[in-house]
């Protein structure tokens, strides 16, 4: 059997983390190829449903990252996002959803190395946790309900 | 076939059930867990709870599941392939301990799903389902099967109907070939039936209104539809617990290249049910939707399908979050107690 | 109660309101909402501990708006619902009349929304021991147990949306589950669809919920939905140090404190 | 149907070495909707761009994905390319293969697979892109400058000289600000008034400038290019048109003992007064709090003597409404005063004074006419102790920042003192000498080396009076914290600079962010230092943080340049990537339910209320409306909206769903 | 398995896409399966369920006449999820089709009569089917008059066919646009359809009227026709209730006891008057 390769989606803000990941590239720092980035203008734009949708579509792990507090390009987007995450994460945890699979992070445009570390650490962590079978199982279109 | 009566001693009941379970069919029966009584897939007789008045949800899910896959598809730029559901994979199923109201509901569903063209999903499920009914020992204030021309000992819809008689033994009325087939599996458990008056062993539920009266009084305009329904919150509970409500929606799950088309329950109580894309909604207000619910069951279905869309199980009233009691309203419409 | 009835009668007779929304005896020993448009039916009105429905839910319904001005017999939970709805601009407080008596047995006389808020403030929310113990029980489970627990609970969900319909704060014209471009929430009553629905419901009420429990009471299959709301209410007050009074008229997820603390952002 | 073109750049070997571009192009060509998929050595080169342009035309492309370097690098390049080929530029997306893939992975199948996923996501996104057009906002070419200190004056003059109208609002009776109070300025020691007064006069006479002194901002509405401003003109109690500024009234006024704010309360003024002789406008105002007529109902001596009958006791505050396209905030700073330093006896001992008071004493136009004398007994102080960092950099006092100007002005004070009292001895207690700036360090060294000021590195713990002397107790940290006790005749505290009073209220009126010390916050600390987070509002001078004169003036000129840049166009062009509220068919009209919870999440106050009206004018529904002039496209409201009534152009919910779907290869 | 899956669509290839008006397109569709193509038959007025896999189904009429064999056409406006997905399809791609469903215009009964077609906006497609059907059997009918209006000139659909009808000597075509919707080059009428109709000399005798359009247009057109002494049973229209299944099971197209999907979509004014106003 093939070794499990985690599928990880990263939701990142344009101004800090996306640029930070650019810097990782410019610095030629190598990291695990398991992460796919989706660009947002701001962490404030990241709807929590996107996280759920990514899990439902087969992601094993998720990275959500943006500007450090006080660094938001739009002043407060990351502060609002942080509040939402605090609440959302506690709800997910309460429902038994594996919050270890969601890495929230601040990565600035200057933190190319941090981005590489973040990706590597998250990939290693998810690799350890294995595929997110319990969520994927309920998401499969093939699953049939016989008696509801 | 000619119906035949048998006796099933109470001590044989567990063996009866467990033999059926071992026979490879899925067996659903009422269970009680945390005060919740529901039909569930059973493995042991001990899970079954028969002293119930009514379950929250009906047995319609077995023949008309909340989600029914209609087909799967894969598609790319130039090809679309539709993969049929193999109806042979639908399991043989036994519903054990359903009350006569539930058993009778399949007839109503059948009328809808065979009107002009046959819905094979429903029909296959129905054909593969054997209903072992159980006459009612008790009723509550929500029950009104006698008012919709059924009764607590009615064999309508049951392949076998059990009635608990003296000494907690069961009178088994074997009504159909499907019932006969089950009977044959466990023939040795049955004894010849004694002469009993079945009605003495079922609950006595007075008739509270007359269906024909009701139908005669129903009118689109002029009734207090609004007064009756103002309390209504526009949820779909009544329809989803109803054994005869059969409205559905068709949805695709997946994306344009891979997925399935499913049928899922829907309800006329939600405004979206009839909402046009243009924004126009023929049944915008709740009283219009409430009227549709009552008219559909007691006027349109009898007119078009020759069945009444109600078996008097009272589930909608019990489940209603704001105590809209359909019996109360039907009595009001039909003009009082009979 | 007689004074409440008298006031209701006066309001209807003087045509100051066109409908009184209150409680009456239901058919099974429970109380249920009643709509009285003719003062001769006023004697149906009751008010007691069995009157648990949050009547604020009716104030945003098109069917009710159509009738005219409303007087509502308000329990504490209904009052909270009213304050929340008014603060979210769903109606003008002055456009409704409030019926009921306070703990001293005096008729409600609220001149302004602020007075209602003051009144609510004097009667802080008390969660039932059952609610709290269930919450703690779930919290003390392992993650896998919690998953199993909720999967089992949600498996009963038939997506009848009674929870939504009974909630005064679920007043959106187009609920997110009805939006299909994109399809936010899987519309099917299966494990995924049910999970997504209950997550979004809890999230949309986070910081807005008045903890009246109407959702759980409405649920025909007894899913303890209010525990989700309760959990988030606790999280919000714990994490953001927000008082109940503040919550009545504010939405904590649309504001922030630069010093909000968390322990999970790397 | 979407007709998407995918253009894969090798970037020389930067991408091509790691990612199998040929395979990528081949796989991509099979994606639904992709009608053209090519790879090329350098897509950003002239031939590369031509390739794209030709493909757009030949294949009637409805969308383009360029798989190349980061969009931060060449997004605008390729969008322009598309635009030149007739494709709306917003129908072009960049797949970041270089920074996010080839440069960070080794050559491998995984790298190519990742590249495929990245391109697939962008292809699915671009299918849902809509053509967008830059938003045009008309510009009112009038600037509002708030604050008439040196920064405000500079900004106003620069803008006015650029040919645009300026309205300057100053809360005091005269413009000039703190600079007009100063004696000399560092490091050149030229007379402050001498350099400032001509600018004040120039401003007063400038045809493009309207000055409202003794006025404050009442309220602000609108957005960049289109602000609607209400200004409260406080009643001066004189008719400015009639008043000639002869000053007779001020000499006749019987109320004499009012502390003179301009002189830092070291002298007195009348109830009707001109703050200082060079004031602009040089016309008096009546201080109603101290005027006998307003207090007791009679007097009116000024009215009796006024040769032009210009006194107006019944004058009311006036609200003036003006329109402005841009606003420059130049409200300056203040310093900490008396009760902040009980340990230094400030306020208790007359000869413990603050820096501004020393400026006034040292000023030729000041209360002592430039002679340095003790306030207690008028004697010449022979020993003066200057204490820098009085309050600044002191977490215990709640001010953690450096007030920046104190090191320099303390050195200046020491020099001025030495110049005026040759046998005097100046002592300076300091923490660090911060003298970064042109000729600044030379200046402080001059104070120490040439003017003989004794600099002691350490803090003063206590000051008390004994026998008419001020005993200053401190420590010299360069001498192992050896205690230092100085019997001084005068102590000058370089008290911390703070935000000017009312900054917070003003910031709230303007919806400008401010920090914990109430200084206004710039849009970006490095790259947008003169802009606020509210488009069209700019910062000049010490209202942002304490600054010295040259810095304030530079920033003012910077702000003026920003304003002139803004005014150089008749219409503002803004990126159309903004939020929009949906509209649907009746009876809903919009799925927006008007809860307006989104309003508080918007950092730009861009969410307004909009009434949907029936044909008869009755209001059917009130919904949110995004002001395209204000929205910056952060999308916070979009994520917050429960009914998903708001969407963000360029990052719509559907686009992101499509991306999630595609990037996980569930297609 | 006994019968076919009634929910399973036939696969059809898009042969031709025509842009009719902003957001309005016409597809010409051909069955991929020869057997299905051979067995397929329909009548004017019937409708189908058109689907894009993964997006769902949408209901609209068959817009081409049964007299033109080998293909069907449909015309739709991009409004919801399915129609948006359909609008993104292009020639050569495959979509699903179920049908035909519903009743039909009884055009055999109209033989020897005059026909008046009145349509507004995007409601021309069901009418186009019956118009072409009758034109293809031209000798069966007497005078044929078509009145068609839209909001603006841009919104008029089937522009080529309008021209064709206009040039035919055996058809009287009146086109109109709402006031303000005209262009400088517009040669047709300006005004709402009922108003234009009122100004025409309508002959009710031996004439069948078919009216399709938005509810507001229909509401004002019926009285005009009645005033011109059309018999209520001779005025036909189509209802467009929301549907999902198309064959009387899903339950949402009820108007009273009538199922629009089975008993409709074609109704006479006389029939409509007996129905509750729930459409």
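Letters A, B, C, D and E mark the chains as written, and numbering starts fresh at 1 in each.
Everything that follows uses one rule, which is that a contact is a pair of C-beta atoms (placed from the backbone, for glycine too) under 8 Å apart; a residue touches a chain by one contact, two chains touch by 3 or more.
Keep in mind that what you see is a predicted model, and the values were worked out from it rather than measured.
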Least hop count linking chain A to chain E through chains in contact: 2
Greatest separation from chain A - chain, by CA centre: E
Centroid comparison with chain B (C-alpha atoms), farthest chain: D
Computed distance of Cα centres, chain D from chain C, in Å: 44
Centre-to-centre distance between chain E and chain D (centres being mean Cα positions), rounded to whole Å: 63
Between chain C and chain E, centroid-to-centroid distance (C-alpha), Å: 47
Between chain B and chain C, centroid-to-centroid distance (C-alpha), Å: 32
Residues of chain B touching at least two other chains: 57, 66-67, 77, 249, 251, 253-259, 277-278, 280, 284
Multi-partner residues of chain A (at least 2 other chains): 48, 76, 80, 84, 145, 148
Contacts with two or more other chains, residues of chain C listed in rising order: 158, 181, 184, 186, 189-190, 253-255
Footprint of chain C on chain B - complex, ascending: 34, 36, 38, 56-57, 66-67, 141-142, 226-227, 229-231, 233-237, 239-241, 249, 251, 253, 262, 264-265, 267, 270, 272, 284-287, 317, 319, 321-323, 325, 327-328
Chain B residues within the chain D interface of the complex: 76-77, 255-258, 277-281, 284
Of all residues in chain E, those that touch chain B in their complex: 1-9, 11, 51-57, 79-80, 83, 85, 92-94, 96, 215, 240-242, 244-245, 247-252, 254-257, 259, 262, 276, 278-279
List of chain C residues in touch with chain E within their complex: 180-181
Chain C partner contacts - residues on chain D that touch it in the complex: 584, 588, 591, 593-601, 622, 640, 642-644, 653-654, 657-658
